[in-house]
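Common to both upcoming complexes is chain A, partnered first by chain B, then by chain C.
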Partner chain A sequence: MANLRVMCKLLKNLNISNVKAHSIPSDRRYKNWGAQEVKSGRSWKKEELRLKSNSDLHKYVLLKERNMLLTMEEEAKAQIQLFPSPERIDKVEDSMENLESVIRERNVAYHKLETGRTGERPYKMSKNAFGLRYRHEMSEYTMPKHMNKDWYEEFRSYKHDRYTEQFLLKYREKSYVSKRRQQIRDFNHVIHLLNRFPDMDMQALKEQYPNVDIEKAKASRKYGGHFAPK
Partner chain B sequence: MSTRLYPIYQKGGPQLRVFLPNFWLKLVRPPHEQPPNVVVFSCSMEMTTFDIRNYLEKIYNIKTVDIRTRIHMTKTRKDPGKGYVVKDDDIKYAYVTLPKGESFEFPDLFPKKDDKEEGDDQKALKAAKQGYQEFLDKNKDRPNMPGWFTV
Partner chain C sequence: MRITNFLFDKVGKWSKQFSNLPDRYIKRAMEQVYWRNPKGIQYKPNAVVKRKKYHFSVHRPWTGEFRQENSPGRLHPKVFVEPIKEWSFFRGDRVEILVGKDKGKQGIIKQIFQERNWVIVEGLNCKLKQIGDDKEFSGVYIQEEKPLLVTTDVKLVDPSDLTATTIEWRFTEDGDKVRVSTRTGRIIPIPASVEETIDYKTKATYLEQPKDTKADAVTEITFEPKLATFEMDIMEKMGIKDDRVPPKSFWY
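Right after this comes the complex of A and B.
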């Protein structure tokens, strides 16, 4: 019955006696079964994971934990029970993400040392059917490009013609107008800030609104409030 | 998984090795009665029988004899308000046969509690009752006053 133990591990990362599930004595039953709340710490940080060795990071502890939690969640749903401490799933996901990014860092470092490249998936910027640029993730093909009919059908989509030209004209106009309006909004906002807080830290203002010319804002007729000049 | 892009297999190329897969497995109660050595998992949709075998053998150290998968199509229903069709995600089930002599029984994950232990809901109910009693007691020595008239 060694397998039962391993199966139970799927449900919980803990050793359990090699007996049938229903005959597990209650004191040896896993304490989280039927608990209202399971206390858990925070997720693993990147700094902590960077200290771990590569073999430690490939122990699949988090993977097992996530499988256990998903199993518990599913069973809770089936039994119409409350799944205790559901935030554990988020914590495990967060830890897994951090772990993967740390491994990725190491991969990139290794590849750069060995080959001078990052070893990441290569990409190129290309244009889609609307003529908009996108990041095309490249992949390997068994067939050369000129022979690969299917690939050609899929990626031939962009054709620079009258219609895409018209579309792009309007698209660019829209983005230009929205940028321009943002600029005007910022400019007016800076004038109001200057009116309200005349002794403001100018350096901080410049940093927060780098695209606003403050001298120009001070020259505006909105600057200075409503009073008759002497 | 897969910060790396795996190379496509060509004859003579090295064996593909997968680290940190995105795959998950859920141990579920079998929807229909099964022999004692058959375990049912719901797995991520991308998993093939080979993936499940390797996953169980390498990560959980479980030997398997046979694995079969099926995709369960979930029901569609209409949204009560707008009437558009909603469909839940399909589920892939894997029926894993363990070697002869092995057996597995799904344990009771939510055993019945003793009456002495009380849950959060019971505690909250008790606190609410006590609070209401305190509220009633506050107006006790104020005759001819409506119940809502309080500070």
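Right after this comes the complex of A and C.
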């Protein structure tokens, strides 16, 4: 149980209700002003947030903390001062992300049990005006799709004609060429590594460059370097 | 995602372990974004122009020195880093130095730079550095430890006979992964200072900060399973009643 002491938190105790943002005494308000470093704990983990009730998660403590930190950062920028320990913002952001995912988990569990669906915002993969696939996040409308003129004007669906065909051909060529170049670069890099580190761990090399054929690299004329003939 | 590009900007686990900083912050601090495509209909919706290759040296990626070393437009000669299967050198390990003027001496690892396969051994492999010199004043010299390659320049020390040895990762009968000296077959224990960070020596001795949540409050279980969504539960707690039936709607 001693390890629990490290469950140090950036946040105030979640159980404290009625946290009053404006009731900070004036002597504490600028406590960290000019400090080089402000110590803080780690962010909340998902498994810890899963233990908390819905009303505990609905306290806006993290939001207030983030607003406070962002305001302090802006103020420090405006006054050309150092904003100490900027990683605090990221810790709060991480906690907020974890909190949201826990709430989503709970809602998805309810909806799956009751309706068999996730209850999340539906989406479908569709093609945009360039013929490229994208994730279309659906929206809720009062009228069906075929009656909705505005929607058709905004999301004019993809029409496969020779122009998109030409565009896609070039687009795919570009991505193919860049992948191919990367592969060649990796291949040459592996040859250099082989030349520089002859006693290298080959298993590690294979793991790091899985797309490179090492036998082929060793057959290259660049492999082996310069040496005087006997 | 290209594997190699990914490797170039990745900060090693053991390089950032001591700093106790969240990954999100490290990423944000070292990132150099020159252009981000605006939202809207784009043929490349999330295109970003940013620095892909970083030069790693003895400066930590979230520091100003690193930013200066990798300032926009500044390029460095290519560095070849030998791939290593598993990292085996940790903070607090006793190592023997195999090169340089401190060859044969043993010391304790102080810092790790995994991106370059480097370690810094406390007080050894030092060079004098002149600082603050100008026309009249010759400056002062300070001693600075230089990094050593883990592949060729240092070897772990076997605690049973205090001599350098090569190691191998093996499993004990209990299933623990341990470093074993290939010469004597003795286990080289991982030092306790592995878990040490800038904020605490060990997790058990962490000094609680005023804003930290108490450990009991974290582990307290207040969750009660209930057949309701988060919103339904909150509405019930706040006494909000809503019997309105939503009209028929269409999702597309």
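The working rule: the second predicted complex is superposed on the first by the 141 of 230 C-alpha atoms of A that agree within 3 Å, B and C clash if a C-alpha of one lies under 4 Å from a C-alpha of the other, contacts with A are read in each partner's own complex, and residues count from 1 in each chain.
The definition used in the following text is that contacts are C-beta pairs under 8 Å (C-beta built on N, C-alpha and C of every residue); 3 or more make two chains touch, one makes a residue touch a chain.
Predicted model only: the values in this text are computed from it and were never measured.
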item	value
Which superposed partner A:S139 touches (first chain B, second chain C, both, neither)	both
Chain B versus chain C as contact partner of A:Y171, first or second or both or neither	second
Partner chain(s) touched by A:H189 [first = chain B, second = chain C, both, neither]	second
Most chain A residues touched (candidates chain B, chain C)	C
Contacts of A:M200 with chain B and chain C, given as first, second, both or neither	second
Contact residues common to both interfaces of chain A (with chain B and with chain C)	3-4, 6-11, 58, 103, 107, 119, 139-142
Of chain A, residues touching chain C in the complex	2-15, 39-43, 48, 50-58, 86-87, 89-91, 93-94, 103, 106-107, 110-111, 113-114, 119, 122, 128-130, 132, 134, 138-145, 151, 167, 171, 179, 182, 185-186, 189, 192-193, 196-197, 200-201, 203-205, 207-211
Contact set on chain C toward chain A in their complex	2-5, 7, 20-22, 24-25, 28-29, 41, 43, 45, 80, 82-85, 151, 199-200, 203-204, 206, 208-209, 211-224, 227-231, 233-234, 237, 247, 249-252
Partner chain B, residues of chain A touching it in the complex	1, 3-4, 6-11, 20-22, 24, 26, 29, 33-34, 36-37, 58, 60, 63-64, 66-67, 70-72, 74-76, 78-79, 81, 99-100, 103-104, 107, 119-121, 139-142
Touch list for chain B against partner chain A, complex	1, 3-5, 7-8, 10, 19-21, 24-29, 39, 42, 59-63, 98, 102-113, 119-120
